[in-house]
Amino acid sequence: MCLYANAFIFILVFLVLAIALPIGALAVLGPLLRPNKPSKAKNSTYESGLEPIGDARSRYNVRYYLFALMFVIFDVEIIFLYPWAVSYLTLGVFGYVEMMIFVVLLMIGLIYAWRKKVLEWM
Amino acid sequence: MQNVLLMIVLIPVFAALLTLTLNDRAHTIARSIGLLGSLLSALFALAAYIAFQRSDAAYQFVLTIPWATINNAFAGTPLTITFAFAVDGISLPLVMLTGIVSVMAAVRSFRVITRVKAHYVWQMFLVSGLYGVFASADLFTFFFFLEMTLVASFFLILIFGQERRQYAAFKFLIYRGIASVFLLLGFVGLAYALASSATAVSASQYMAYGPNFMSLNLLQLLDESVKAPLALGTQTWLFFVFLFAVLIEEAFVPFHTWLIDAHEQSDTSTNMLIGGVLMKVGLYIMLRFVVSMLPLALAKYSEWLAVLGVISILYGAFAAIAARDWRRLIAFSGISHMGLVLLAIGSMHALGLQGAVFMLVSSGLLTALLFYTVGAQAERTGTYEIGKLGGLSKSLPVLSGVLLVAALGTVGLPGLSGFISEITLFVSSFERFPWVSTLATLGMILAALYLLYAMQRTTFGPAQEAAQEGQGIVRDASVTEAIPLIVLVAFVIAIGVFPNILGVVVHPTVQALAGRIGG
Amino acid sequence: MVALQPFLALGVILFGIGLYGALTKRNLIIVLISIEMMLNASNINLIAFSHFGVTPNANGQVFALFNIAIAAAEVAVGLAILLAFFRLRNSADVRDVNTMKW
Amino acid sequence: MLNWQSSPLSGTGFLGMVIGGVLILGLILGIVTYLIYFERKIIGWMQLRIGPNRVGPLGLMQSIADVLKLLIKEDIVPENADRSLFLLAPIIAFVPSFMVLALIPFTATHVFTSNTQVGLLLYLALSSITILGIVLGGWASNNKYSLLGGMRSAAQMISYEIPLGMSVIGVVLLTGSLNLNTIVVDQSRHIWYIIPQIVGFVIFMIAGLAELNRTPFDLPEAESELVAGYFTEYSGFRFAFFMLSEYVYVFALCALATTLFLGGWSGPFLPSWIWFAIKTSACIFFVFWVRATMPRIRGDQLMGFAWKVLIPVALANLVVTAGVVLL
Amino acid sequence: MLTFTQVWNALGPEIVLAIGGFVAMVYEFMVTGRAKQGTPWIAVFSVLVALPLTWSKLHAALATYSIAVIAVDDFGTIFSLFILVSALLVLLFAIASQARLKLAFEYAYLVLFATVGAMVICSALDLVTLYVGLELLSITSYVLVALHRKNVKSSEAGLKYLIIGSIASAIILYGLSFLYGIAGSTGLSRIATALQTAYGSEPGFVYLSMALILVGIFVKISAAPFHLWTADVYEGAPTPITAYLAVVSKGAVLGFLFRVIVWLFGAKLGEWFGLVGWIAVITMVIGNLGALSQRNIKRMLAYSSIGQAGYLLIPFSSLSSSTLASVMWQNLSSTVFYLFAYSFMTIGAFAVFGVVADAGGSEDVHAFTGLSRRSPWLAGMMTLFLLSLSGLPLTAGFFGKFSIFLGAIGAGQIWLGVVLFATSAIAFYYYFGILRAMYGKDPEGDRAPVRSSPMQHIVVALCAIGTLWLGIFPGPVTDLLSNLHWFG
């Protein structure tokens, strides 16, 4: 194992701790401390005190999906900016121009969505 | 004279294109253009006949138009494809036949009253294709025109046929399509085999021909096949490929059903062209490619040809006896006669080959004549059924007389074209296959039986209902109708009486050809 | 190559699961996810090869990055088409993709 | 001996890691507890109230009491909920929030820091996992408010993640590294990046607030509209974990802002961790201040702001920064 | 470090197309109303600019222009020319159909982007470039297929194409990842070198990757038994897009096949290409038999295009029996020739079909009933395309098939040639079925000429000219093809 891996093992330690804490609190400590008296009313879905109407898992506005789609594209494209930014100083003018092309394309994509009224919420 | 063949082939195409531009209702103009086109082509064919060097066995009027080159076609050898035209003693008579029958068919087509324009367009294409097939001197050209006949006949049957025309047209298309595939395979195989064997023989030949060596040009191939004959193995498989194609093309048993359906469903002029000319193409292929370039295989399997021929002869004859419809009868009779030609080719003798060519021409004329007469009768009586016809000699003396001539000619009455064909043919086949030929003669006797019986039923005997009904007025052939009949009959008689008008042309070529197969 | 094999095995397993899911699952979203798994199996391969391969180099990682971008585009398009389909047929079930004969 | 930074991993090094992790965990629990207290106090003061003052001196024990109360409350799972997802969601939300702390360089010696080359990228990657927990929680509850809250927060968080990601690229450009520690060192040599990257900083803070679902971007849990948003159905300690992750993120985001723009632990005279604490506290104060001051904005304004303002501005910032760096 | 000049030299036409695509895109969303109709013309214009640029790259020196990831060789250039010509025809076709189909104008630049992808595939020298090009083509095609958002068939077709296509892409990618593993490089030439030794040392990986890539490619060019998606996708897609899929996608993936398989797995050609021969046979047979039972012309043409894919695989499988370079060049030129012929006749057939189907409101063969009486010109053109598709002489289809046939015979694969023409004979049946409808029957009901626009006639005429030109004067094209230095 090299030094390189150490940093990630440290993060793994955090992962284990982060899982251990909720498990400890919820699964081990919790049952000892908490009462557990379920009842019909208590377990019913909260709907401002009324009887729940219908199933909650209905269709929701298509806008959510559109934003999700936009996110998928833009988020991944941004990832490409990171390696570029890191090695920017060695790339020089070529890198600048290439990335400008990239950014312009991103902007075109954004304006496209804008003009096509994807960004209008509600 | 060099362009004469090109003219012959192109004139009908121009006529067709001209017709295409016409108004749908310009029936008379369409008819005139059709007739003129056919006539002009036929006249050029006549000119070719006159200008033909009688004593020369070689190809004449050679015209080569380079078309395309496929570099690296076979392992680095370029392949040249040309449009090449030429005729020799075998193909010239068939070109003449096409000319005669096409003009008569054009006249006959005057009777078509619906979709006249389309009829003439397709008919002209068919005629051009037929000319092209016989006049071509290049395998590609040949194949091209063969496909042209295929498409044109398909449409003629499809549009102008009887009730079951769609079925018949598609059957025609598929059968002949498959035949074309094998033909193409045979062609390419032939070109390839001749090229590769030649390189094996000597490099100098290869050098002499240069880049044009690998060619589909018939003249070069013939030349090559003489200089460097193919090995028997190669010849054998090529032979069978060709044979299979020919069996389908020529509707030999057991591939005959498409022809029967096609004839039964087509209209008269189409029948004349298909039965009279198109059905000769298969045997022409046999003469043209198999006899000349695959002699070893032919010698080895000539018995097969004889047997296949006799099967077709007898099957055709018996089926014709059973036929109740004139068109079926003529179709089966045609198959029977074509079997005779196969037998003659199998005899591997100059006389037999000459008989074969004669038979092709004679049978073409007679079949066209029969279809014409029968069609004309049916037009008046409304039926082709032999059983429903009768006593026509009184109401239709001219037609009945011509029918009689046609039947007698087919049977082989001396003085008519059938006789001279059959006699030459049988002479040589008896020499080689006595037993088989005896069976074949039985077929001819049967032919006399069914043809004369059917003719007698139709022409003489009591007048039947159908004949009486006949839309009330039964008129004999009008002048325009009679002209083709007279012309055809004249040719039948001319060949019967003066066989030399054909013989001088055919003889040298056939001699040369027979020289190759050791006849 | 000792360290390579586990990664390749992981790749094979992922690919297999993905292919199985893509071909058998009925929910179209799950099908899309399965396809993503197949793509990611390739990415695992590429990255494993780029680190443990015959000549370790960054090419594989670059390739994987490109794949990620492509996969994102594919999934975006896929979801968009699925959405259009869902709005017309009110279903995201493979069995409802049946207007035309299969 | 417990130092694992500069030598290959050994048993004791690993022990050091674990000790470090546990220390941070304890620390962060304490910090969060008092963050809540801090917030309530600050807002109270700003709104001329007193804030918590009953439990313990100055109400200092108030948050601890709240935590204990949550710990002994019944853990209710609604009947129609997707049980396993419902139970899992808070954990999914919490785990990344804690993991990102491993990346923050608290001190100059960064014993408690994973000094990795891709720290910034990892931070962004890990923090976006939390969205999953929130959406799953909202969906699994099978409650209309929860679902709507979950969807809203997902839409909001993914929208603002893009400007967030873009705003820090300016910093990366200036440093040429994704290593958070290098970024801090670079700042200590030159200048705090808040000066050249003031636009980036503003975008970062705005997008960060939105990522945290905090006022003025707290639509997903808008009490007046959606009861409690995605954790309407949660109770007891599961609810506590959602709260916990939210406050851990407040801390983590402020720590990141400090690291990226305010020079991190660097500073004269005082020990580095004190500088870090001061700067982070200032940031956190700013966050609470905003909450006390701003009204909640409308949903369409919220999304439009991210896509139509922040992203173009962030891109422009990027272009300008790159151009300047090139010169 | 690359210079801009190098990039321009290697990718000039692609860059032009991409810029054209983005200009069209910006134009499309910036203007409103009737002005939107200018969008496809921008696309047409950029293709027209790219065509001479590509043409000028023919016979270019490989070393001068190529960059690490893109080869400027005649193989790529000629395929690019094919792709550009087809894309141009499809664009014109789409413009002509616009009024009736109500296609979203997005198609204009999507077609351009797909075209860029297709061109990149054919000249890629690096796995990354190759895969990016492939996916650019595929993903835009998914969108194009589903362009009719309100139409269930279109959406379904898009979905189907997306799923099948993505699975195929994923399989190809998985295969490519092993290639990278074997060679430690993504450059095709490096991989080719590495593979020569890898056959001995790592046969498992080599064969695995080859099998995966082949399967993926077969799916993409809809070779049987991977063809099941084709008819549905083609039916559902808007007609111009169907033509695009049938021609450009197929052609580009064929380029992929040649470039990758022949380059990389050349050493094992003999062992494997017999299999491809079988695939070709199955494809020809299934495609043509499948077409027999179709009443919907679009589906029929889809099956026919499966059959055509089989024909196009023949030259590829003929490579097995000979290692002679000349055989390979011959097979390549016959493929390219056939592709050009295929492009003209297929797009032409789809164009006439589009006119007739739109006017009649039906995609059934009945829509063609009595066409020769209603619109003789359209009927004549359709006849020409169908005759060409069935491979009758003096049309492009014959010469294309004939040269493929020659290639097969020349390589000693006579049986492939026989199957080629035997299945063509089967094909007669369904092609002539349309002819029967057009000529053999009187129109049902409406006897007025089919409504059509001048633009539609121009597209049809262009395709007809191409078909006839290649059929009657194949000489110049075959000369051009035979003088190419395929791989530099």
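Every chain is named by a letter (A, B, C, D and E) in the order it is written, and numbering of its residues begins at 1.
FYI, a contact is a pair of C-beta atoms (placed from the backbone, for glycine too) under 8 Å apart; a residue touches a chain by one contact, two chains touch by 3 or more.
Just so you know, these numbers come straight off a predicted model, no measurement behind them.
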* To do: Just tell me the minimum hop count from chain B to chain C, counting one hop per pair of touching chains.
  => 2
* Which chains are shared contacts of chain A and chain C? -> E
* Structure fact -> At the largest C-alpha centroid distance from chain B we find chain D
* By mean C-alpha coordinates, which chain is most distant from chain E? -> D
* May I ask which two chains are joined by the most contacting C-beta pairs? => A-D
* Asked: Going by C-alpha centres, which chain is most central here?
  -> E
* Structure fact -> Averaging C-alpha coordinates per chain, one finds the centres of chain C and chain D separated by a number of Å equal to 32
* To do: Just give me the whole-number Å value for how far the CA centre of chain D lies from that of chain E.
  => 52
* To do: Between chain B and chain E, tell me the centre distance in angstrom, where each centre is the average of that chain's C-alpha atoms.
  => 42
* Structure fact -> Taking each chain's mean CA coordinate, chain A and chain B are separated, in whole Å, by 81
* Among the residues of chain E, pick out those that touch two or more other chains and give their numbers. => none
* Structure fact -> Which chains touch? The pairs are A-C, A-D, A-E, B-E, C-E
* So in the complex, which bits of chain A are touching chain C? -> 62, 65, 68-69, 72-73, 75-77, 79-80, 83
* Which of the residues in chain C end up touching chain A in this complex? -> 65, 68-69, 72-73, 75-76, 79-80, 83, 87
* Structure fact -> Given the complex, residues on chain B that touch chain E span 67-76, 78-79, 118, 140, 143-144, 147-148, 150-151, 154-155, 158-159, 165-166, 169-170, 173-174, 177-178, 180-181, 184-185, 188-189, 192
* Structure fact -> The answer for chain D against chain A in the complex is residues 4-9, 13-14, 17-18, 20-22, 24-25, 71-80, 87, 90-91, 94-99, 101-103, 114-116, 120-122, 139, 141-148, 151, 154-155, 158-159, 161-162, 165-166, 169, 172-173, 176-178, 227, 232-233, 236-238, 241, 299-300, 302-304, 307-308, 311-312, 315, 318-319, 322-323, 325-326
* To do: Spell out the part of chain A that touches chain D in their complex, as residue ranges.
  => 1-3, 5-11, 13-15, 17-19, 21-23, 25-26, 29-30, 33-38, 42-48, 52, 55-57, 60, 63-64, 67-68, 70-71, 74-75, 78-79, 81-82, 85-89, 92-93, 96, 99-100, 103, 106-107, 110, 113-114, 119-122
